[in-house]
Each structure stands twice: as C-alpha cells, then as structure tokens.
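Going by the order they are written in, the chains are A, B, C and D; count residues from 1 in each one.
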Amino acid sequence: MKAFSRATVLYNRESECGARRLGLKLKADGLRPGHFFMLRSPNTIDPLLSRPLGLYRVLDAAGEVLPVKRQSPFSGEGIEFLYNVVGRGTTLLSEKQPGDELQLLGPLGNGFPLPQDLGTDKAIMVGGGMGIVPFYLMAALLKDGLFLFGARGAADAALAEDFSGLPCRVEVSTEDGSVGAKGLVTALLARELTPDSLVYACGPPAMLKAVAAMAASAGARSYVSLEKTMACGIGVCLGCAVKIKAEHAGARGQLKMVCSEGPVFDSVTIDWDDIC
Amino acid sequence: MSEKNLHIKENKIDSSVSLGGLNLKNPVMTASGTFGYGLEFTPFMDLASLGAIIVKGLSLKPRCGNPAPRIAETPCGMLNAIGLQNIGVDAFISDKLPLLADIDTHVIANIFGETVEQYCEVARRLEDCETVKAVEINISCPNVKRGGIVFGVDPVEAAKVVSTVKKSVKRLHVMTKLSPNVTDIKVMVRAVEEAGTDSISLINTLSGMAVDVEKRSPRLGTVTGGLSGPAIRPVALKMLWEAAGVAAVPLIGVGGITTTRDALEFIIAGAAAVQVGTASFMDPSASQSVAHGIDDYLKRHSMTLSELRGSLSTP
Amino acid sequence: MSEKNLHIKENKIDSSVSLGGLNLKNPVMTASGTFGYGLEFTPFMDLASLGAIIVKGLSLKPRCGNPAPRIAETPCGMLNAIGLQNIGVDAFISDKLPLLADIDTHVIANIFGETVEQYCEVARRLEDCETVKAVEINISCPNVKRGGIVFGVDPVEAAKVVSTVKKSVKRLHVMTKLSPNVTDIKVMVRAVEEAGTDSISLINTLSGMAVDVEKRSPRLGTVTGGLSGPAIRPVALKMLWEAAGVAAVPLIGVGGITTTRDALEFIIAGAAAVQVGTASFMDPSASQSVAHGIDDYLKRHSMTLSELRGSLSTP
Amino acid sequence: MKAFSRATVLYNRESECGARRLGLKLKADGLRPGHFFMLRSPNTIDPLLSRPLGLYRVLDAAGEVLPVKRQSPFSGEGIEFLYNVVGRGTTLLSEKQPGDELQLLGPLGNGFPLPQDLGTDKAIMVGGGMGIVPFYLMAALLKDGLFLFGARGAADAALAEDFSGLPCRVEVSTEDGSVGAKGLVTALLARELTPDSLVYACGPPAMLKAVAAMAASAGARSYVSLEKTMACGIGVCLGCAVKIKAEHAGARGQLKMVCSEGPVFDSVTIDWDDIC
C-alpha cells in the first residue's frame, strides 16, 4: 500500500564497493521488483525535493535481509536501499545515523511485469552499476534466472556476491577486465540473447538503449527501468515525462510519466532518440 | 464580501469562509498543477479535510507540454517548465470529473488559453458541470494574438480576459490568478477587480532560470521556467499584503506555503484563503496538515478566522 | 567592450576582465551593503584576491536607517530593512577612504540619493578621490520629488539619474544597479544604457515580507524589506540572461551567489563579472573562494574567461 | 584572533537543566568573558544565517574544562558553549554528534570590560537563565566575585553548580522558590547593591532594563550584554543596531552595532525605551 511515513534508520553503511546500504524499519507490503520510494530528511527544506531510490531487499523484524521465498508481492518489517552518493541529497542521506528518522513515500511505480505473468519462469536481467537494485527481488522470483552485471571495476563487481544465495546464475563484466569479462555488459547479453528471451534492464540510459536495440533485433521482449528527475513521484507534477513512440501513444498523447506509468516500460514503446 | 465565521465554544472551531458566494468549509485549497486531479492524493490524506481542490490547468485542446528536463531544484525552491501539459477540458469533463463527483470538497478548475476566446470557451464548457464550483483564470500565459506577451503582465489584456470569461458564465465563481512578474501588483489587482472577478489568487510562479555549469546548458528544456516553493514565500506575502491594501474582493494567498505558520502569515496579512502548492510534493498530506493546524491556532488563540484575517499590527 | 582575457599555459590563468575601461584582475566583486567598507574582512581573507570591493551605499548626508528589527531569516534567504544607514559621503572620504588607499584591489562606491541632484552631488565628491575607481548607482531608492516612487522601476526616472550622474563625472566609471521589481528588465537595461551607463549590475533585492504569527506583527520594523540570498538566485540569473540578450555594455551578475558554481552560472549566461553578497555573512571568505574557484574551473576546462562568458548552449 | 574556522564537536549533551553543553576542538586565544561566536552547520544553507552563542568555558587538549587561572585573555585548545534549543538553528545544532564539524566565526564582540581595568577586583554579576554564560570566565578573573543567578526553577538553578570551584559567592533565586530565594534576581541585587558596586548583567531584556535602572539610581556602574538578531556578526550588515541615548551618541549617530560595538554596553548609554 502506497503511504507517506516516517521510518527509523537501522543501518546506513558503506559497502565494499563504495555504494551504501541503508536499512529502514518500515512495515511494508505489496512490494515488487522495480518499485521505488521517494526519501527525504524530515525538518529540512533544502534540498527541497525528495529523492527516488529503488527498493533493493526486504528485511525482517530484526533488520536482517529476509530469506527469499518465491512469492510476489513481498512484505516485511523493513526495507533496504543500495545507493551511491552523487550530490547533495545523497550526501545528506549518507550522514544519517541509526535511530535517525527519514520520511518516505512509497512503494511507487509499476515495477517489472512478473515473468510468470508473461508466461515464463526465466529471464535475463541486465544491470549496470546501481542498476543492480531491482534484480535482487526479481532473481528471488525466478526458478532459473540469469543476471548479467556490468560493473566499472572489481570494487563494484563485489556487489554481485549479494546474489550468491539466490537461484540465479550471475555473469559479471567489468570495464577494466579486473573481474569477469572485459568490456560492456551488452557483450554478455549478445551471447545469451535468443528470440524467446525475456530481458529486464536497469542502468545508465546508453546501456538501456543498447539493450533495447539488441533485444528488438533478436526479436526478444525487453523491459527497461528508466530514471528522470522527479518532484512528486505520484504523477501529478508532470516533471518526469518520457517520450513514447507515436505508434504507441495512447489517448493521453506521446508522453508518459516515469514515476506513475513507469519506471518500467516495454522498451519498444520508448522514443529512444529523446533519451540519449 | 459576506462572512460566515462563527466561533463556537467547546473547542469546536468553525473555520468556514465565504469567498463572495463561494462557501468553503475551511480556507485551505491546493494550488493548480501541484495536486493533479485530486484523486492521486487519496492514499495519503482525506480530501474532505480541504476547503477546495484546484485541478491542473485546462485548455481547450489537450497539450503535451515542454521538452525535458522540466524541473530543476533550486535553493528552497524548484523551477518548472511543464508547459501546461493537460488532457484538455473535454477529456477532463468526461474522464476525470465523474470520479470527483462524490468527494466532499469543492472542485475548482484552473483554466487558460492562448486567446481570450479560448479562455471563454473552456469556461463555458465547465459552466454546465455541477461538480465544478469555480474557475481560476491563469493569466500567466502568452497571448498568441499579441506576439506572445503574457496576459498577466498587461492590465488591459488581463482585464479583457477576466471580463469576457465573467460574461461567458453565470453559475461559476470566477477567481483570477495573478502573475508576480510585474512592477506593481496593485495595478493588476485593480484591473481584474474592475473587470468583475469574484476573487483574486496570487501568486503564480516567479520567472527563473538555472544553468548546469559543467554542461554549460540550461537545466530546463525551455531555458527559463517558473520558480515555486518556500524560497518565494516572502515575495508572495508582500504582494498579498499590497493587494490587501487595495482589493475589495477576497484574496487567496499562494506561494511557498508549506506549514500552518506559513499559511497564517498570509491570513494575518489579509488573505481570506490560501493555496498549498509545491509543499504537496514534499509531503502529500501537507494541505491537510495546514487545514488542521489553522483550526488548532484559532482554538489556541480563541479567535475566529475573520478576526484573524488582516490582523497584522503595523507600526 | 574591450577584452583582455589571455589564456596562458602552464596553469597560470589570466582571469582579468575589462568592464569598458575599468580593468579588474578578476571578475569577482563584493556586493554593496554586505562587505562594509572592506577592512572588516581582512582577518578572514585577502582583499587582493578580489576584482573589486563595492562599499556600503553612500548618501550626501549621513543616514541612521530604519527601526529594528532590521533583518529576518527566510527559506534560503534573508530580508533586510537597513534603510540605507551610512556615514555619508564626506565621512567616507575623510575617515574610511584613506584606510583603503593601499589595498590591492579596486574600490567602487555605491551611491544613492532622494533626488537626481543628490545622486550627482555624491558622485561629484567622489570624482576627486583617486582611490575610488567607479560609482555604482543604486536606483532602488524612493524619489522624494515624485511621491516616493522608486527611481529603479521607472525607465524615464532611472535614465535621468544615470545621464545626469554620467555628466557630473569624467574619470569615474559609472555602473548602474537595477532593481528586479519590474515587469520587464530589458526595458530598464535599454533605458540606462541609452542614458550612458558604462556597465550594469543586476539584481538588487526583491521586495519581500515576513510575519511573526504569534505576535501577529511584521518581522521587520518597516513591514516590507529586501530579499537576498540563495533563494533569489534563479530570478537574478533569469534577469541577467534576459539583459544579456539586449545589452551592449558589460553586465555584472548579483543575487544569491554563494559558491563558484553559482558565479559560473551567471558568467555562462553572459555576465562579465559577478558580485558576492549575502554569502559573505555565511562565510566571510566566500568572495575569495569564488574568485579562486573560477580560476580552477577555467584551468580544468582550459578556457579563457571570455570564452566562458555567454557560452550557454541553448536548444 | 578573530577567525573563520572549522571545528570538530567533542561533545554535545543535554545537561541536568535541559540546556546543552557543546564542546568544540579549537585552538583559540584572546578569549574574554562576554565574547561570542557565530556558529553554523557546514554544507547547509537553510537556515541561512549563523547563530550567535556566547563563550562559556575554555577546554584543554583533552577536552576537559580548563582549571581557571586568573588571567585574561584566556587561551585553550577547545571551547565550550551552553545553549538552549529554541528554534530551527539550535535544533539543528543539537543533532550534531561528536566528530561532526561546525563552522564558526570568532571570537567576536568587545566582551565585558575587566574589573581590573575599571580599578576594582570585585564585581556583582547578574545572570538570568542563559545569561549565566559570560560569567564563568568572569568569575575566574575575580578575587572576590558575587554571582546572582536568576533561574526559572530547580532544574535551571542546578547550573550554578558549575561555579563551585570558582572563587565566587553564588546566590540563586528561582521564580517558584524551589531553590534559593523566591522571586526575581533583581531582589537579590537590591540587597547587595551599593554606590561603589560594579554590576555586570546578562539575560532577558526586561531584566537588563531593571538592573540598569537599579544601578543608575544607586549611583553604581553597570554593564549589560545585549542580544539582537544577527546576520554577519562583524559589523557590516548593520542588522543588529541598538539605539543609544542622544547624549551618548557619537559622530556616527545614535545607533551602535551590538555585534561589533557590543554586545556589552555601559547601561547608561542605552535607550532602554527602544529595547522593551
């Protein structure tokens, strides 16, 4: 259930790879892979806007990561985020201590369509950098998942270890070749892609565009999770508009809101030229 | 301006207010463009706690708005260049309005056009919709017939829009929303008042801009946009206070109202009602909190809303 | 407008700039009223790191200013109603100026008056003071001969002040500082440019107000005051950019500049130089940090200041 | 030496009386009773302005309160503030943890004139509430001080225990009579005041006005520390003006700046009608 609530910080620590893990105590249900929350510091109006972060993992009452069961939607007593410090909002977030409170709005967005609903029990997940986030829960839903993780270097790549308990094969590529295949994650995808693949992707826009193009030319379905600067997170400010190809535009026109109609889109509907 | 603020004992507060015929259960509305069509907020608050909701600006035809990026954060504020994207008045009437028929608060439609005729036509189509109690005329729009100069910065053009809309409707209350981007807000107040507006809301966004210095490009797709949020509150409040010095019709204060205290500043300076805008992005229940907070203040100070209004003691 | 921005290799950056005859070692000045007479800042920074310092506004006679409270904090900004308190131009010349004779940066005197004649007389007295290199005309002052309407919101009156001051001086560079409280800044830019100003600085403070809701009284002794600080930056930047579209003389950006990045926004939008104001209250060495930061940016991007100026790429 | 610097929080804890003690690591010298600092949180521009707090005590390198010696000005490796949480700025301050950094500007202001320089070695110090602050260091300078402390109740009054190691007699009054004399601190002063008294006062404006009037009618000298909302703290914004009686106005007119020409003023020069 979407709600605006206060949650207590359980932990907020830097992981091996530099990204931070933020655990919050929050009774939540209806959680799906690809959902996100808008987070803010209470009692501060600068920065003004809340910041969107994707749901990473679900916690139990003790603040431990829930052993994954193949059930969706998920529910738990806490949630975990994984985030990079890139600017003012995330810096402020990184200063929060256990016991501090945050305000958060969510779960928001459509989340990824479930493989089961798309008539399959397997999928190829492609994550670039923080694009790993939606795939922990997704991998937990699959009998036979494949996660292709594009990292910058060895530090980043260490995040893939989070997936070790999941019924999911993980392949890593790094730009510097220090771990896994050297090069871009799309090279890994090229090896695995077949016309009946179901591809999920999250990461930098250029990666998503490439994945969408590869899937399309292989005749495979692909769903991508997009990012846009957001103000409201609930479809009312119209700030996070993304352009839809004319042939896929509905009665409401060629724009869709990433926060409320996304962040996950069937990649064939996106006007990629408008994105990058 | 008829009043209906009864201060009832036993901790029951009557914070209702009449804006020249438009009776609100309390003085708190939501600002156009920051509250969608209202229903988006039902998971987070009770719409019935509000005096009115003002929906996203409506034009005659659907508009798809401006290119991205459309929002940029600034110190205690935000810039937007949404470009008045909206589904058009007809889709609003057929798709959205039925869903709003049963909510227990007034619905006010914010309207705009590129010509005086378009404004009137939108208003006329809403005239027959019982659910809509008032139109708020957004005059901060370029007048395509006058080389794109904004209606709201020219008292003659602004008055023309208002008087023509006013003549096109009978049932609807007509509220006019002023632009702050003028030398003297009093001139605009007098102009729209003489043109027959039933009430005046102010302010719309301030013109502003931001630059990405690494890319050396504007942070909005349209280069400039509208500044809203707490940052503009002192400017809005000053204009409201100046307007209160000359206006006979009720005034509705808008601009940076985030907390009860902010709303009270406007009421004390002379506002009959207020609108909560950007704050709804920070906290979707902000408008409800403000409405409750005003009641609490009145209780604590044993005052009626009309006693509070304009109670500023100046030196 | 002659240029003197040489990009020298080996990490030596020349960030000097010529504002139509007034040569500054770098584009960073301090805004009037926020830097005292300069010397107050020597414990915290090196005045020589600045392009110029602009001192507190000077009038013909000393003025004691407005009643308390004179300042009030607002979201990311502050209101002031100092009332142009100052020691008067004669005391400035006799008591302060000798102390500034040896500092290694230019001194610019901000001047104002209640009549055109007073402006001119202040300027004339400064004409013979070698230490003062320029006057900045603050036109955001009430014209007592015209019922208190502010010079700066009327293009005719503003032009009269500027052309008369310009004729009263020979040696002094004349900079005119615009008020943002106008419908169209371009009209004011054209007016003072035709009147002969050598450069234009913008913006002065926005009109604003704040209320203490418990006391139901204004938070400033004069009810309304001037809003400054980061909150107003988007408004200042938009006006600078609009001015850059029509101005031939160099422009100096002012309003909410706190960091190097803020200053760069203005330069990229077309400013030849900038002024750091309220930020000096938050960090007395802010202006020096901005000056150094601009050098670092130019180095990092291998650009000259004149390449950077107006380099905004618009859609 | 006045400076703008960063200092690390050593401690920031609530004391028995509700007021908070903030210890900062900062090499400082030239410190005098009555000096103040402007404090702010780095990396935050809301609240915009720094907040003035008076210097309370001086710390050694270990963060311990320096054993007082009769010397002025003081110098040390750290400083302590004592403050009440009253609004946004002080709330933000109260959230700072040991290890966090603050920015501070100071020492600022004139400080109290020293008794020695006024030809005496004793003085009556009158403090109301947080008005205790300047008198710890002042008491340390006197051979034979008398501190009259006006507190609201027993909790407040406990602060007087800080003075126990000092060569200073302490008399307390509380509004509720729970500790010491019942009533206002001015009643204590009335008992002690003689024409040759030297009176120092810090506290709420009404108290200062009363003290000034009492001292004047007893023919005694008195110095008061005033408060005004401040923006710059160094005499340039002209925001903190206080009105001086016409007969005491200098060439610069009837206004003085509390931050740079005060905060301590000879009470006969102040136009009290303008203050409260």
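We adopt the following convention: a contact is a pair of C-beta atoms (placed from the backbone, for glycine too) under 8 Å apart; a residue touches a chain by one contact, two chains touch by 3 or more.
Treat the numbers as computed from the prediction; the structure is a model and nothing was measured.
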Topological distance between subunit A and subunit C, in contact steps: 1
Averaged-CA centre spacing for the pair subunit C and subunit B, given as whole angstrom: 35
Interchain centroid distance [CA atoms averaged], subunit B/subunit D, Å: 47
Centroid spacing, where centroids are CA-atom means, of subunit A and subunit D in whole angstrom: 54
Residues of subunit C engaged with two or more neighbouring chains: 74-77, 229-230
Junction residues of subunit D, two or more chains touched: 45-46
Overall pattern in which the protein chains touch one another (line/ring/star/complete/other): complete
List of subunit A residues in touch with subunit B within their complex: 1-4, 40, 45-50, 103, 105, 228-242, 251-255, 260, 274
Subunit D residues within the subunit A interface of the complex: 43-46, 88, 91, 97
Touching residues (chain side subunit C, partner subunit D) in the complex: 33-36, 40-41, 43-44, 56, 62, 64-65, 68-78, 80, 82, 85, 87, 91, 229-230, 258, 278, 280-285
Residues of subunit C that touch subunit A when the two form their complex: 75-76
Subunit C-touching residues of subunit A, taken from the complex the two chains share: 45-46
